[in-house]
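A single structure is presented below for examination.
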Amino acid sequence: MSKTEVTTLTAADIQKMLDVSPFNLFLGLTVMDADPVKQEVTMRSAMRPEFERRPGSKQWHGGVIASVIDTVGDFAVGMMVGRGLPTVNFRVDYLRPAVDTALVAVSRVRRAGKSVGVADVDVFDEKGSLLAIGRGTYSTLDTK
Amino acid sequence: MSKTEVTTLTAADIQKMLDVSPFNLFLGLTVMDADPVKQEVTMRSAMRPEFERRPGSKQWHGGVIASVIDTVGDFAVGMMVGRGLPTVNFRVDYLRPAVDTALVAVSRVRRAGKSVGVADVDVFDEKGSLLAIGRGTYSTLDTK
Amino acid sequence: MSKTEVTTLTAADIQKMLDVSPFNLFLGLTVMDADPVKQEVTMRSAMRPEFERRPGSKQWHGGVIASVIDTVGDFAVGMMVGRGLPTVNFRVDYLRPAVDTALVAVSRVRRAGKSVGVADVDVFDEKGSLLAIGRGTYSTLDTK
Amino acid sequence: MSKTEVTTLTAADIQKMLDVSPFNLFLGLTVMDADPVKQEVTMRSAMRPEFERRPGSKQWHGGVIASVIDTVGDFAVGMMVGRGLPTVNFRVDYLRPAVDTALVAVSRVRRAGKSVGVADVDVFDEKGSLLAIGRGTYSTLDTK
């Protein structure tokens, strides 16, 4: 497969793929932007009661934030490769509590190679404060 | 605080703490074992449709597996320290697809220091195959 | 300790600290820039035969690159805190082979908290190609 | 390539491969054991003055420990695959200072797949205290 044959995914493509996945639907991810030139994807997720770490706290459980990071990073690399990808591994660092806010997650591709891709994800609150950061490796191997 | 003052958590303590957290309730975690001598905590989580990566696939979304890892590792270190802890960061590696199975997650404390603790988490299917592994750092600092 | 009491490190301070450490001396790190406003530190390391992965290959061994990442990230957070810091953990991702080039490592602080700090490190070749990326957590706890 | 065609590496094979690599020679790694049934490789590295974090401290610089982890993990997966491998990424967690001791690093393969392998590495001092832990992903893809 030559490189020119790759059709990158649009925001609408990614939204459609998210919306058929039960857990991604639960995360309530909305694609805000998908830019193959900047190699960046931005998604938004609104708080819901099931996401809380403690009842009534409006604080996001770290697992939900990790799930958002995994998914946004996946589709950032996936955008460049033209399909959703298996995650090889990822790391998440929690910087500040995420309380009473929607999350805005911006993922930037650091490398989209033939066998693996790497993406960084910055997670912000609605006011632009950095809450958490992620870094993931995804399998880009064409197994067909 | 002297070291002898620490009261480790029991399986019942941990279960009680899990069951007041909306997202941990959603994960459906059951504490199977909490052993402060071996410094190991084991939990089980059954599949539910909202966890699926793709509809009807019975395959766990990686984000749910990451969430289980974060939580089980947290309570392994937390067991030794006597309370739930903020996650500093964690890494998850996916080894095999998790399909049509409950998850059994075993976490072992690698170090429970005065400011941070580190735990490993192995996630198995019901037949004992290793599906994913995690490693997390948790803040053990007593801020009171 | 109030925040205003912190004196950030200058490039000369950092260079002096590097040059009393035997292994950092071996790495041959030169501080190019240390900017506490941008919270960024840049260092350069020239190739030497002992760094090679294979003899005559001029390819950097990954362990040397990891060592550079650990050190540059440490002094980025350390610059903000006013001293060298113990590393809690770090991750390194290798993106492209580093061959026949000096390394330029740019570290940016993502958070400098009271107990831990987090820094990202991008490692470039002399032409500006991204070779490897790191992310580290350092203990900022004042134990005095 | 069928699985039966793979010839695993012996301790002598690994030692020979280490000893042609300038940086691995600098690390002074000795293969103590290479067991393809347990999927474990153990190496030892003695302290030398160039490894010190601070002069006269006899404390290992974290970068050297990270380098040992990278290399031992690499050859653990490599043993199973029959050759040395490119590192995709790795994480190291420092648990206790490594002072006035040789290092004994034990790596266990967690998965040796067709495109990537994952290995854990535990680093001990000579008395058996756990000093640091690593987890690495290595490319097992046969590019020939």
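Per-chain residue numbering starts at 1, and chain names A, B, C and D are given in the order in which the chains are listed.
Note that contacts are C-beta pairs under 8 Å (C-beta built on N, C-alpha and C of every residue); 3 or more make two chains touch, one makes a residue touch a chain.
These figures come from a predicted structure and were not determined experimentally.
Between the chain pairs B-C and A-C, more C-beta pairs are in contact across A-C. With every chain reduced to the mean of its CA atoms, the largest distance from subunit D is reached by A.
Between subunit C and subunit D, the centres computed from C-alpha atoms are 23 Å apart. Taking each chain's centre as the mean of its C-alpha atoms, subunit A lies 28 Å from subunit C. The distance from the centre of subunit B to the centre of subunit C, each centre being the mean of the chain's C-alpha atoms, comes to 32 Å.
Looking at subunit B, one finds that residues 88-89, 91, 93, 118, 137 touch two or more other chains. The part of subunit D that touches subunit C in the complex is made up of residues 20-24, 26-27, 49-55, 61-64, 66-68, 70-71, 86-94.
Partner subunit A is touched in their complex by these residues of subunit C: 91, 93, 95-96, 110-111, 113, 118, 120, 130, 133, 135, 137. Contact residues on subunit D toward subunit A in their complex (touch as defined above): 88-89, 91, 115-116, 118, 137, 139, 141.
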